[in-house]
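You will see chain A twice below: alongside chain B first, and alongside chain C after that.
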Partner chain A sequence: MDEIIAILKELHPDVDYETNKSLVDNRIIDSFDIISIVAEIDDRLDVQIPAEEIIPENFNSAEALAALVKRLEDED
Partner chain B sequence: MLFVSYEFIAFTIILFVLYYLLPGKWQWPLLLLASYVFYWIANPYYLIYIGTTTVTAFVAGVLMDKAQDRADLSIAAAKKDGTYTSDFKKAAKARAKATKWKILLISMLFNLGILAVTKYTNFVINNINNFLSEANALKAVDILVPMGISFYTFQTVGYLIDTYRGTCKAEKNIFRLALFVSFFPQLVQGPISRYGDLSKTLYEVHKFTEKTFTSGLIRIFWGYFKKVVIADRIITAVTALIGDTETYTGAYVFVAMMFYAFELYCDFTGGIDITIGIAQCLGITVAENFNLPYFSKNIKEYWNRWHITMGSWFTDYIFYPLSVDKNMLKLSKWSREHLGKFWGKRLTVYISAFLVWLATGVWHGAAWNFVVWGLMNFVVIMISQELMPLYEKFHKKFGWKEKAWYGVFEICRTVFLMSLIRMFDCYRDVPMTFKMVGTMFTKYNLNIFTDGSLLNLGLSGSDYIVLAAGLVIILAVSIYKYRSKKDIREVLFDRPWLWYGAMALLLVITLVFGAYGHGYDATQFIYNQF
Partner chain C sequence: MQQKNVLEYIERTVNEVPEKIAYESFEGDGCRMTFREVYNTARSIGTYLADNGFYAQPVIIFMKKTPRAIATFFGTVYGGCAYVPIDEEMPRMRIDLIIGSMKPELIICEGETLEMAKEFDYDGKIALYEDISTTPVNDDKLLAIRSRQIDTDPIYIVYTSGSTGVPKGIAACHRSVIDYIEHLSDVLGFDCDTRFGNQSPFYFDACLKELYPTIKFGAYTAIVPKQLFMFPLKLVEFLNEQKVNTVCWVVSALTMISALGALKKEVPQLKLVAFGSEVFPIKQFNRWREALPEARFINLYGPTEATGMSCYYEVNRVFEEGDVIPIGRPFDNTDILLLDEDAPVQNGEVGEICIRGTAITLGYYNDPVRTAEVFVQNPLNTHYPELIYRTGDLARYNEYGELVFVSRKDYQIKHMGHRIELGEIEANVSTIDGIYLSCAVYNKQKDRIVLYYTGTIEEGNLKDILTEKIPRYMLPAVFTRLEDMPLTPNGKVDRKRLLEQAT
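Let's turn to the complex of A and B:
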């Protein structure tokens, strides 16, 4: 979770990722940000997020993103 | 059969009556029949194309589902007989994925191949002839381009990818899939629906309700108002301005640009209003394709509000898969290590965005002007993206961002920029577009706004009054939605006299002020050609 928040903070330092649950819905992060996040997660956590998992529900909060990463790690 | 024709109106009325008279279980088969009749009237040969796409997508979908089911069953069986291991599960899933991938690839290439051959063969031939500097080195071929082929092919490819990904189950009834591919209101110019969304209401039994039906009717009338009163009126001036590039230079180009922006908005959103309205009358929910695009404060936002279903199609099915592809991630890693943080973060995003905008341009038409149009969008979006930190510093210093006037400035700037890029679509000739846009900044013939020159473009003074009144009405409804985040119909329905009054008024305005009369020839929707 800390690593996920660190990745997100690098993109938008001013956002409170602990409380914000609508990052995609409120357009705080966009498609370019999402690609950066996927690349960073691949690089730092060695978890590959497939295209079909790139849906708003998985990127709307740091918590949802962390849950996605955990699920993908478990599946691997 | 044009949307703007008596035949279409009669066709739709008969359909509405039969739809609600027939037993519920016959509703979707009736829609399929109506869709095929609609297509058959346009050209019987079109049915061969859409039929082929439907059959191949059906077979591919079923085969992909079977491959997945086999894997799931073998995993379940292994769990039952105690031979299950995580490696077994991985291997079974990998086998299913590989089989599904092959099926997807073949079916997708086949259907995109049909689209490519029908739409782009002559474009390729022309370019080869130009390259050889010989006009008839290769003869142009006479190929039938089926109506709406870009729309229904993309919709079908979306269905195939969703089935491959497992986000939707394959349709087991070919006739139901045939309706999804051919649903007539959206066949002409979209929206590009997703199977998972449209299928929720497409096959349901729908009972007639006053609110749903009349809401749909108001939406249809609103669409006709925009198309017939505004778009089909202003097109006269646009055609005149674009047609004579010797006379109409300088400020005339600015007029053409703004008129075309207004025409395209009313034409495309009007057509989509008619589509969504017809679907709503039938109780079917079709995805929204616009969300006040001319209220966008930057181009990125504009593309989230304009032709939404096309934009999300390109994002979900091309941009993301391309960006998170293994090789792309490797390139991303390499660029971070070798090119530094700045380029490392940008390189792969830029490559993916470039390819998506190239594809978007090509999708719009087989001509260089569309390719340049797509790439211009790419360039402007990337520049805005790079200027973002500068903008933020600027806003921190001056604090204008929250001011209303600055918001209006941003909206005007976006409309101007988008309209400027759209000139490639307008003149349909890249060098000519650059030349004409250039005159806008070099020739100062501002007198055309005061000396009556604009009355020589095929529009009379009363036409301008109708257009101005139309603009005010559209602006008022849009501003209401922008500020309240509500559709005006939600407020009107609670007051029956306002509800039916608005409906009657729209109908009367459209009938009285529609741009028809002696010699009127209803024009096809602009997006129908894509």
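Let's turn to the complex of A and C:
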């Protein structure tokens, strides 16, 4: 979770990722960010997010993203 | 008789397929318009302009990205005016700069954008689409306007990045748009069965590729919801649901799909993939070709100043990593000169791409100084006036006789398909309190802009303030405050050194 927040903080330092649950719906992150997030998670956590998981629900909050990463790690 | 007005496209098509859907958008409640609806709405808006004395002047269109906006563009042309698309995602300051340099007398918006429009630094008239789009058509007035129109009258003005911080408004006329659409359609093979998926914002000339062939052929354009460009698999599913068979996109929209693995899950049913505005990484390009072995892939190149695209290359051989996909050759009726200053380069040498032909636009609106810098007399012709456009792009011919893009002459870059002057970023940064010196550099490998600065302002603060001033795609990915700015012996900011350390 900390690493996820660190990745997100680099993109938008001013957002409170503990409380914000609508990063996609409120257009806080955009397509530039999604590509960075997927690449950074691959680089730093060695987790590859498959295309079918790149959906709004998984990117709306740091929590959802962390849950996704955990689920993908467990599947390995 | 030869076509002289872009409206002749819709006037022919509305007789052939009046009830066919022309354009469709999907955000909010969605919106679809038939050719008859587009035609009628456009003529109503043209009549409104005529009734209210707006003629031969720019009209700002501040609407959502829907078929209604497109009908309003054509309506503006019916009124003998030039449409100027702006967007709610443009930063306020940029909009105010555009309004300030253009001094328009009319902005057309719609219910959803009205509140924002009222905030602009502008005291002219604001008209609502909902009010004017059903104006009873006055045939006599529209005919009178048409009979005076000539094919070198402007039809649109679009804005691009300018190095001094003030965007440049490029004005294009009927003649250059018709010339472009005819030759583009020839090469790309559009017809009435073409189903476009539009990606480009309407405030760029890139959307000409879909908007005009749709009315020329009675084709169809699905306006792809912007949010889908974040979610690759959903994007591909959308294309297939709407039976999109043709895309003309910036490279980054295509690589987003392939790099995130969506092509392995579902293949878009595309017959034609045209791309441009950036270098296509070969690894990603080959993923596309493997997924779509039957499709045609065409690289397009061209500056807005020469109306849409000027050159094309249809991929006809295998490219391996490290290769560059050429930009090929100019469209028919366009000529490319490769010049070193004022002299042609020898074969194989690098020269500046200079464009000659009908496709050259009218120049920068209300800006004779910057126009005269790049729309210049052809130095190879000393006999009569002939303008060429100097692109600032460097290219050479390869062993196949194809043009290959090499680099820019100056500090202009291509990032996510957008043309950006690093100087424009710096000019905006320098207006912020607490900034001493700044320098924006572009890390090509990582495809990101890095801003170095000295001053008292915190990095996070600076980013917040800058977000209000420049578009998202121009915003640096990394902000780094320095104790001292490295300088060259001449006392200029040492760009080279900063570029070396940029990550």
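Criterion: the second predicted complex is superposed on the first by the 76 of 76 C-alpha atoms of A that agree within 3 Å, B and C clash if a C-alpha of one lies under 4 Å from a C-alpha of the other, contacts with A are read in each partner's own complex, and residues count from 1 in each chain.
As a convention for this text, a contact is a pair of C-beta atoms (placed from the backbone, for glycine too) under 8 Å apart; a residue touches a chain by one contact, two chains touch by 3 or more.
In this text, all values refer to a predicted model and were calculated from it rather than measured experimentally.
Contacts of A:Pro56 after superposition on the shared chain: chain C is touched, whereas chain B is not. In the overlay built on the shared chain, the residue A:Pro13 is in contact with chain C alone; chain B does not reach it.
Of the two partner chains, both chain B and chain C are touched by A:Phe32. Once the two complexes are overlaid on the shared chain, A:Val24 sits against chain C while remaining clear of chain B. Legend: residue contacts after superposition of the two complexes on their common chain; A:Asp42 is shown touching chain B, with no touch to chain C. Once both structures are placed on chain A, chain A residues 30-32, 34-36, 38, 49-52, 54 are touched by chain B and, in the other complex, by chain C. Listed in rising order, the residues of chain A touching chain C in the complex are 13-14, 24, 29-32, 34-36, 38, 49-52, 54-56, 59. Chain contact summary for the complex, chain B toward chain A: residues 165-167, 300-301, 304, 315-316, 319-321, 323-324, 326, 329, 332-333, 336, 345, 348-349, 352-353, 385.
Taken in their complex, chain A has these residues touching chain B: 27, 30-32, 34-36, 38-39, 42-43, 48-52, 54.
Residues 227, 229-234, 256, 259-262, 264-265, 416, 459-460, 463-464, 472-473, 477 of chain C touch chain A in their complex.
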